[in-house]
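Everything on this sheet refers to the single structure shown next.
Just so it is clear, A, B, C, D and E label the chains in written order, and each chain counts residues from 1 on its own.
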Amino acid sequence: MAEKILKKDDIGRLYSELEKEYKFYAPTKVKGNIAFKKISNAEEIELEYLNSKVPPKDVLFPQKETIFEYRYEGKDVIIEERKDLEDKLLIFGVRLCDAYSFKLLEDFFASGDFQDDIFLKKRENATIIGIGCNSPRQSCFCTSVGGHPFQKESTDVFLSDLGDTYLVEAISEKGESLLKKLSWLTDAKKADLTKSKELAKQAEEALTTKFDFDLVTKVLDENFEHPVWQEISESCIGCSSCTFLCPTCTCFDVIDENDEYNNRGRRIRIWDTCQSCLYTLETSGHNPRPAKIQRCRNRIMHKFSYYPSNYDCLGCVGCGRCITACPVNNELRLIIDKILEIEEKSGEKVSA
Amino acid sequence: MTEPIVETKQSENKEWEPKIIAFLCNWCSYAGADLAGVSRIQYPSNIRIVRVPCSGRINAYFIIKSLTDGWDGVIVSGCHPGDCHYISGNLVARRRFAILKELLEFFGIEAGRINFMWASAAEGERFAVLVRKATEIVKKLGPNTKFDKKW
Amino acid sequence: MTETDIKISIMANEKPRIGVYVCHCGVNIGGVVSVPDLVEYAKTLPDVTVGREYKFFCSDVGQKMIKEDIEAGLINRVVVAACSPRMHEPTFRITCKEAGLNQFLFEMANIREHSTWVHMKDTEGAYEVAKDHIRLAIAKARELAPLAVQKVNVEPTCLIIGAGITGMNAALDLTSAGYKVYLVERSATIGGHMAQLDKTFPTMDCSSCILTPKMSEISRDKNIELLTYSEVVEVTGYIGNFEVTIKKKPHYIDQVKCNGCGICVDPCPISVGNEFELGLATRKAIYIPFPQAVPSQYTIDMDSCVECGICAREDVCEPGAINYDDKPEFITVKIGTIIVATGYDEYDPSGLKQYGYGKYPNVITGLQMERLLSSFGPVVGKPVKPSDLKDPHSIAFLQCVGSRNFREGGNKYCSRVCCMYATKQARQYKEKHPEADIYIFYMDIRAFGKGYEEFYESAARDYGINYVRGRIAEIRENPLNHNIIIRAEDTLLQQPIEVEVELFVLSTGIEPKADSDSITTLLRIQKSADGFFLEAHPKLRPVDTLTEGIFIAGVSQGPKDIPDSVAQAKGAASSAIGLMAKGEVEIEPFFAVVHSDRCSGCGMCIQNCAYGAIEFVDDRSFGTIASINIALCKGCGACSGNCRSSAIDIIGFSSEQLHSMITKRV
Amino acid sequence: MPNPYIPMLTRVKSIISENEVRDIKTIELEFQKEEKYKAFDYIPGQFAEISIIGKGECPIGIASSPTEEGTIKFTIKKMGTVTSAFHNRDIGDTIGVRGPLGNGWPMEELKEKNIVVIGGGFAFSTLRSLILYVLDDKHRKDYGKITVIYGNRDSGEVLYRDVLEEWEKRDDIEVVLTIDREEEGWTRKVGFVAAIVKEVAPSPDNAVAIICGPPIMIRTTVDELVKIGWKDEQILNSLEMRMKCGIGKCGRCNIGSNFVCIDGPVFSLAELKKMPNEY
Amino acid sequence: MVKFMGLETENKEIENNLREIARELLKEKKVDVIIGYKKGTLPLLSQPIIIDSEEDIDKLIWNNLCYVNLAKYLVPRVPRFVDPEKGNLTVGVVSKGCVGRALIHLASENKINLDEIKIIGIPCNGVVNRQRIEMEIGEKEILEVSVLGNNIIVKGKNFEKEFPFDEYMNDLCKVCKIRKPPLVSKVPDLCVGECEEYSNIVDEFTDIEEFDSKTPKEKWQHISEALSVCTRCYACREACPMCYCNLCFVDQNKPVWFGKTTDLPDIIVYHLIRAMHMAGRCVACGACSLVCPMGIDLNIINRKLEKIVKERFDFTSGLDPDALPPMVNFKMEDAQEFMLEED
């Protein structure tokens, strides 16, 4: 299908035509921050944004999610599965790093003998409209983790912001069928395509943070016990902002929440974080990761060592949220630098 | 939740009556409530009494949990200052309650749902009067729904 | 693990099977709410395996029903829905224990005092409350844990506060049973109010004749440590193990050197009103309260003394016993039990302006009359009018002064002695002055004791004392002779009367000691609404307080006459003896416990603990954390109330138990 | 794709208190739907997520053996909220089960080998499963000599007395029972498991040691085994970790890149040595 | 106050003095290590740094972005502050007023031994409310932050904006009465640098008058709206020097007092009880607000707490290591106007 053009003024039209069929999620301003919310009015859509505070991950994997509901009838328990998983979702205006995170999440939740049906069903029913990132932030490093500010592959429909208009490309079949519904979109001209490519190039060049993660993975694998971890974890206060805002963090806790007075309840999962001491604390009191050093290490190892070894990709999309969110500025770039320093130093030793 | 509960909420056609949990010090107010009973002093049937050793035992958790759990009001009653069976438990508690009450007010949670009082073992009448008063205050505030969860 | 430990663990690990026993309490509960419905309701609640009703579960038959269920293995937790736990918790604990169930697996739902009695007219409400209380009790019962009973030794020593007739009798009973007694009296002599009395009703035997031998018996008894002119200033510890600090006030006279010659009294230039004589006579600043005082010790009243130095002169006090710089002395003793017998104050009628007390000289109180009638009193038993010191030819007594008065300034209760003492005083006077006119104005005569009615009958019949039923409308003084003119209404004859008498005696009632608050604070015992000390139960535990190991006796508990006071003294003594004879006592194991893993060692609980029962320990795994000394802990929970991380819990009122109750709203 | 977090519903069929103080109970469950039982195809050493719906879920090793047809059993010690709730179940109550989960004991690899089973305390449940499996008439010929060393703090803590007695009667299995301290009436061994292992000195030839117990016991026992010539590959352990989902999603049970719930809980000592020391 | 010098000069002066003191302390071995701030890698951040050699002294900085409360690193002590052999090292803590207060208050709660630390006092001139600036800049990237006169200059691609520091200071700093760490005369060797003795702190709490005068409904509206975005990451708790419980009440089971979800009631309860726990303990450092990834302003709650304890109990936290915090203390004559009384 040929590329189309969407006028910025027509977003309202787009919304009103799609909102009936889809639960329409879009970036919108909540308490001064951009968040992906189910909107009820096209005016709420805020496409001129750097990136959302909480990643759109929470549309498909919300902080609090019902796994199933139950009812007690005497000694019997009746389990009710969720019925809303078949709803069609539209996630509009997602940045590419976050779009890529959906792929990572999908791979993770689909891996192994047990598939996370809840996430996967939602993912299956979700159409993602990505938007190219014309001006990445200093803290962004998507290209280092296999992404790109204009990486279209992980979206269904891809938009590039050309100023007054968006260039609209259908990437997947889902995307194509969606665009068919928007027959009023005009065709794109060649110049639009060129401009989009130009913007992509500019964006890529604007990315200053670059890492050699192959090397990072290698160093990590070899240096689990290295004293650098002490240094890395020193200033960490264990606040877990990094994991709560991370688009690829998936850890969760399972809790039964009861409606005491009506004989019913729901089993829910809520985000958990490996930065919390309680995360691994066993009932016996034993804790495999009792200290900050182990917890900090686990996060880094998980993303850059365990992920590659288990799923053959990095567990990071380079959105830079953990970098900006860290209140003590113990940010990923510094950590990676310190890790790579190990290699440099040992390299020096070898050459010396 | 594993427990089947037979009762449901009060039938709707009756006038709404608040349910108030009352934590009473074993040594004074609980005995005062007993005395109200022995003296057949009548007061509204809205309070449910929980015996505690001393008002000093009342952690803020108990009070706030009572609210989040849907009790419409909370009464905490202890010994008059100076009369604490445990020397000073009520005085320490008084500070705790003062802060809690102010904070609730600050958060915009109806502070009137929480009523602290002193009543000695001899003050059956006073106990009844204060319970009446607290019940009225809570009744005026209406059902406690701020902490209801969506189901 | 000891066998008891294993037994307790087994019980702790059993799934709760709760028996709910709803008592009718005659009609007290059953007459207001439907007990069968409550039982049916209870049976629908989780873990309830047995539900029963009975007229009186506290009876033998009722208790047997519970025992049988326990013994049959049907239940392992007991909930009795009946009266207040303050009434029958001990009863049912013993029931459980006897049936082989740990006594702490018992919980009471108070549906009488807290429901059917206070919502008698709101039967629907009463039913709801009863239901909820049963549900809450079950919720707590489910979380109950079996506990090992703690035993503490009881020091075989009793402290008696107050050495009036009550304290003295208790002391003698205790020593005759072989226990050491510390008898503390704050005035300079023992004997109390009884020493002020002349004769006692209805037998008319001489008060001194029966009191003074007792007083000397006390002073002779080696097992009684008599501490007069002393006050208890601090009480710490708990049943069996009180630590009591007593302040011995300075006499300013060296009691060892003083030979009691009394030469110092006359030269003393300072005269003040004599308390013992109620101001009807004076004493010097250096004095002995009354000649028969025990111990026979002289004291300088430093509030009045001007330290002129006369008494200290060698020619006055040969042994050189005067010491103006005497200091108070403090002693601390270990005590097992405490009996409080602090007595009473006479009601002060100055507030009742209409009776002219303090305004007209010939208006006096009953106790003043007693002193006037006393053979060793200021007028050696020949009462005179204060205005001219002549015999009165007519006397009127007014009853219920400060008693049975619902208006301001009076007490609601009956003082129980005034009817009889007025009758006695009237008879005494009439015996010597048969010609005198005597009126007793009364509301009704309360002559309830043994021989009292006969005594009163005879007073009216044989002695010609005029009993006038009616309250006095007004009195005024005849300015010429200071006689009192009384206008009253005789409610029997329904006609106004007016009499003029030469002496007007106000039969003043009895009041709690003005400073009885200091005792309640000191001992952490309670007062009832009338201001007298509160007994644990008005019928069944009349001399116990809610603080274990502390007993009350005599008028400090409520107005009573001498026989009743003595009876109570004996009751209190026997209760104290019972405790001490066992040598040890079981105390409720309701202490604070520290969850070491949660404690972060902030030490706030240490600050909060009024008993110093918490200290820091260095734990191998958790560092510096709080630790409870259970010998000192009273289980009040002040520590737990402020603990941010819930690291301290209170056995018996644990967070889980309270949480469980809170979450059972419906 | 079924929702993998939804438990199959069972009912409590029987409850047995296993030890003297009764804080360990074996609960036998019965599936509410027959086909679910058929689908519950497990090998010894696997575990299941058991839930009291309304209280929560926890992973418990399966104590029954697949050879005990028609039944599944779990032995549960009263520890936290969920396990305490288990102890308060009645016969007929509903309990949720998700599983079987985890890798279990490598029954195929164990074939033709001598098996030394070393257990301590209440962690004996999956060992019970294993031994019953091996002793079953269908399988006995596939495996070599079986030695069981089972230690407890005191006699009151010994689990599964009925099967132990039966095993003791058989001559194709050697059962060594021990308690930590002397006790009146105890006629078997006295001493810590490691000491007994030293005394029994099982031969490492063509053998596999399977160890379950408290960490301190495992450590001392492994030391003894290594001293008498056992190789890391021959020593198998079953690990315990805090888990929520049991299917490798919730994250917390990882040791390095392995998840105890899906890659374990059974690991050989050789495997463990390659993993970070975070367990 | 030396405002006329301009913020930049002022900061420079503080920084120079600070380095000088630090150098001397290390040289004379009065401390083993020093914890302070270093320049951050992002425009609105600074970074805590631990140094133990003189050569690193120049990494220490002072600017208006140093908002982490360093006392946090002493409870519990980070591993660098404990020598495997010698035990606890003597730590020099670069302390603005609130850090000093935190250290002193923590000493009163037995979490810090004052003999093992040195308070390196600096006269704090306030920290920037970074959340407010970020929100006002909105969806534009801030690339550089500098100080000119008394203004904060924020630059990014295609924009530059000035923010008057007086206005864009963190709200707590605006009303701060304890800019320098309190001097503890009982522990004479404790304080170096600029510390000050405080006697009677006068505070009118005019800043929360407006909020206080709202109706309960408005208050609830405000608070519940502000907290609704809370993700319960607990960054506020983790950054708070007073939150050192081994097991926070929200994480407890047996019993589970309160829900762990992000439903509004659960969020409110968390903040309400945390506030309760802070009464008389909060040292008004504002770290909780400034670390909040969602930018929730908790300052107003902290101010209210200060007001309650000041007005009711005349208590200011962190001035005297021997003073009993109001929650564990009592007076017979404490106000009890809130108690229910008969009419």
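Simple rule for what comes next: contacts are C-beta pairs under 8 Å (C-beta built on N, C-alpha and C of every residue); 3 or more make two chains touch, one makes a residue touch a chain.
Everything numeric here is computed off the predicted structure, so don't read it as measured data.
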item: Busiest interface, counted in C-beta pairs; value: B-C
item: Chain centroid nearest the full-protein CA centroid; value: B
item: Per Cα centroids, the chain farthest from chain C; value: A
item: Distance between the centres, which are taken as Cα means, of chain D and chain C, whole angstrom; value: 65
item: Separation of chain A from chain C, taking each centre as the mean of its C-alpha atoms, in whole Å; value: 74
item: Computed distance of Cα centres, chain E from chain D, in Å; value: 51
item: CA centroid of chain B to CA centroid of chain D, Å; value: 50
item: For chain B, residues contacting two or more additional chains; value: 1-5, 8-9, 61, 65, 69-70, 82, 88, 92, 96, 149
item: Sites on chain C at which at least two other chains make contact; value: 597, 608, 642, 646, 655, 659, 663, 665-666
item: Interface hub residues of chain E, defined as touching at least two other chains; value: 247, 249, 254, 257, 259, 263, 327-329
item: Touch list for chain C against partner chain E, complex; value: 597-604, 607-608, 616, 622, 624, 642, 644-647, 655-656, 659-660
item: Residues on chain C engaged by chain A in the complex (per definition of touch); value: 597, 663, 665-666
item: Residues on chain A engaged by chain C in the complex (per definition of touch); value: 260-261, 285
item: Chain B residues touching chain E - in the complex, by the definition given at the top; value: 60-61, 64-65, 68, 81-82, 88, 91-92, 94-111, 115-118, 126, 129-130, 133-134, 146-150
item: Of all residues in chain D, those that touch chain A in their complex; value: 1-7, 9, 11, 51, 53-57, 79-80, 83, 92-94, 96, 215, 240-242, 244-245, 247-252, 254-257, 262, 276, 278-279
